[in-house]
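These are the structures in question, set out in turn.
After this come two complexes, each holding subunit A, first together with subunit B and then together with subunit C.
Our next item is the complex of A and B:
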């Protein structure tokens, strides 16, 4: 089993929104970032993977198991972390363990208490007494205690302070260190992915824009900058996104076209640059 | 061995790793048969992608500095420092040839060129 998550031609139609033909593969042992502006279909994709939404068409396999036909086997190996926790606020940590462990034959109580200790979560506390970062770590502690092979996190960093975000990234890199675990991680805070992610899947307006290695993704694009008079109509047609301002312009271009912009300053693009410039539907924005 | 990643240097991270490992081999900091840090551990500690480290190690192997032994790690090869020296010598020769050509165009005498080199060397030692 080399691919922990296979998504093939996944589609879903709602009123006013369509997720269309999404295909990507996450191999064992790596972190993949799922990116795109709000409303582009990241959460829909994750809900379809988890079978919380019925897909219109396509296929999803988790560790080789179909996520609908073999839902139980698929989910046995899966850990999920949402933006907000899915435990009852009034539960004590011990009650959380009791209710979650009931679903997993291989639940490891010792591992759970060790992980709580490592994350500095006091077992005597109630869920509602934990900070947002702590609640997230509690969800992770659960996933680690039944040795989930694949972790899926939906916007886990959006409500966290920089310290907790850094901690989370560290926990995730530790988790994949042995090469036997993988992480799918949706976020619009792409700085978090800039270093730690191995793969990027970028969904834009319900369609797949890119899926592949992060370095490869960053290599595809460059930012060029120049004075206004240097921006000819011919050039601007080839650019993927342009920002004009009174003293010049900035634009995202394909690295393969770089020769045509030899007279301009070129620099590497960040994930943020790429998402921002490619999400404007070609319109220059002010 | 020291490995430090800069986010603002503009040099790709895999290239930074390669350069620093090469200079460690050159300086003798990394000896023949020593192993490089495990790929996944290094990625975790530097908080960078596993694929980035993989690329650095693979390219170092292709260039003949290290050998990757499945399941045992990445070993420094003996000829690493000679290879690097060879590459550097080649680079020096090329740059000097270029300087000589430019000197001919500028009608600079051999003596003047030697003099210029000495001045530049002195400036570098002062730094």
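Our next item is the complex of A and C:
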């Protein structure tokens, strides 16, 4: 099986929000960044994948198993890390293992102990005594102990200091090294993905904006810069987003349209640039 | 069955830090039994008190947002629900056994004589009361959470009082069936067991439906 996660035409309607027709595929051995501004539908997508929300329509396959019809099989090799811990704060780490390991036939106690050691987590501590970063590592340690093939992380870096974020990215890179594991990584801190992600799925206002290779995504856009007098009304209409300064402007444009901006300085766009400019729906950014 | 048992064990691990306070609720009714010099009163209070602690699993789950953990574990929602019912029934049975062992000793020390029939009738009523409380409580907790769901606790209490009132108005002697059941320990036990099983079957089914439709 080549694709660890298949999401097809996934939709969900709430009052005041609609996630519409989301389709993407995560192949084995890669990290995919799920990006979008707050409220765009990232967590909804993840909850639909995990069958925590009932979908309006669409299909989700985890490691080849339908996430509803074969929920148990789908979740047997799935690890999940949320933005905050989901264990009882009164549990000691040893109790976490005792409680969770029972549900996984391939739980490896030795691996759990080794991972705790590697992450500098003392088994005698209670969950509530761990820092946010350590709690995130504990969730990872559990997922690694039953050799979860697919890891889904929902905003794991929010609230983490830069050192912990860097550590997490290093852990994830190691995790997919053997080509047998994949990661879906939702975040609005897109700088984390510049380094780690191979694929990007960008959801904007509940709709799929892009899903594909990270390099392909970055190649689609450029940042152009120029003086205020160079920004004509015609040009600004074609730009995806503009940020004006007292001395000039910068704008996000499609790389295929770059010829029209030959008189301006063009630079590669970062994921942050693309998300920020496109989230403004092309309206001028003042 | 394995998954149901695992779910029950997971629930036990949730309330493990609160075992002392749960044990206290088992000890307290001894006082009521002693004051009222009645095994039935003691058992009734014991089952009522232990039923009040069934919300602990829901409270701990809510406090720690553990519905996300339950959401990612490879276990069917129906097994999760049945596991919780099993755990809560074990709590009830533990409280009943403790009370049936301790209360008669205290009452005997106080000079009361307790017959085998007293034991049986107290056990039967205890089981029935506990079932009556929990079959309403648990779907309520699943639907509304541990705080709002507590309101369901009072429905069976009210229901029990109404039943008592109703029974005093019914001339037992005129109803052959009721007379036979009440005066036969075997029939009383059998009918209670059947009623309790039926109540739990309906309650579990409702709770599973609630959980299946719940979005977290």
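Here, the second predicted complex is superposed on the first by the 286 of 286 C-alpha atoms of A that agree within 3 Å, B and C clash if a C-alpha of one lies under 4 Å from a C-alpha of the other, contacts with A are read in each partner's own complex, and residues count from 1 in each chain.
One rule holds in what follows: a contact is a pair of C-beta atoms (placed from the backbone, for glycine too) under 8 Å apart; a residue touches a chain by one contact, two chains touch by 3 or more.
Keep in mind that what you see is a predicted model, and the values were worked out from it rather than measured.
Clash-free side-by-side placement of subunit B and subunit C is the outcome of superposition onto subunit A. When the shared chain is aligned, subunit C comes close enough to touch A:82, but subunit B does not.
Looking at the shared chain after the overlay, A:93 reaches neither subunit B nor subunit C.
In the superposed model, A:179 makes contact with subunit B only, not with subunit C. After overlaying the two complexes on the shared chain, residue contacts for A:104 are found with subunit C alone; subunit B is out of touch. In the superposed model, A:71 makes contact with subunit C only, not with subunit B. Counting residues of subunit A touched by each partner, subunit B versus subunit C, the larger count belongs to C. When the shared chain is aligned, subunit C comes close enough to touch A:50, but subunit B does not. Superposition on chain A leaves subunit B and subunit C with their closest Cα atoms 28 Å from each other. In the superposition on chain A, no subunit A position is in contact with subunit B in one complex as well as with subunit C in the other.
Partner subunit A is touched in their complex by these residues of subunit B: 10, 12-14, 40-41, 43-44, 47-52, 55. Contacts from subunit A toward subunit B in the complex involve residues 29-31, 169-170, 173-174, 176-179, 195-199, 213-215, 267-268.
The part of subunit A that touches subunit C in the complex is made up of residues 47, 50-54, 71-76, 78, 80, 82, 84-91, 95, 98-100, 102-104. Residues 3, 6, 9-10, 13-14, 16-17, 60, 63-69, 71-76, 213, 215-216 of subunit C touch subunit A in their complex.
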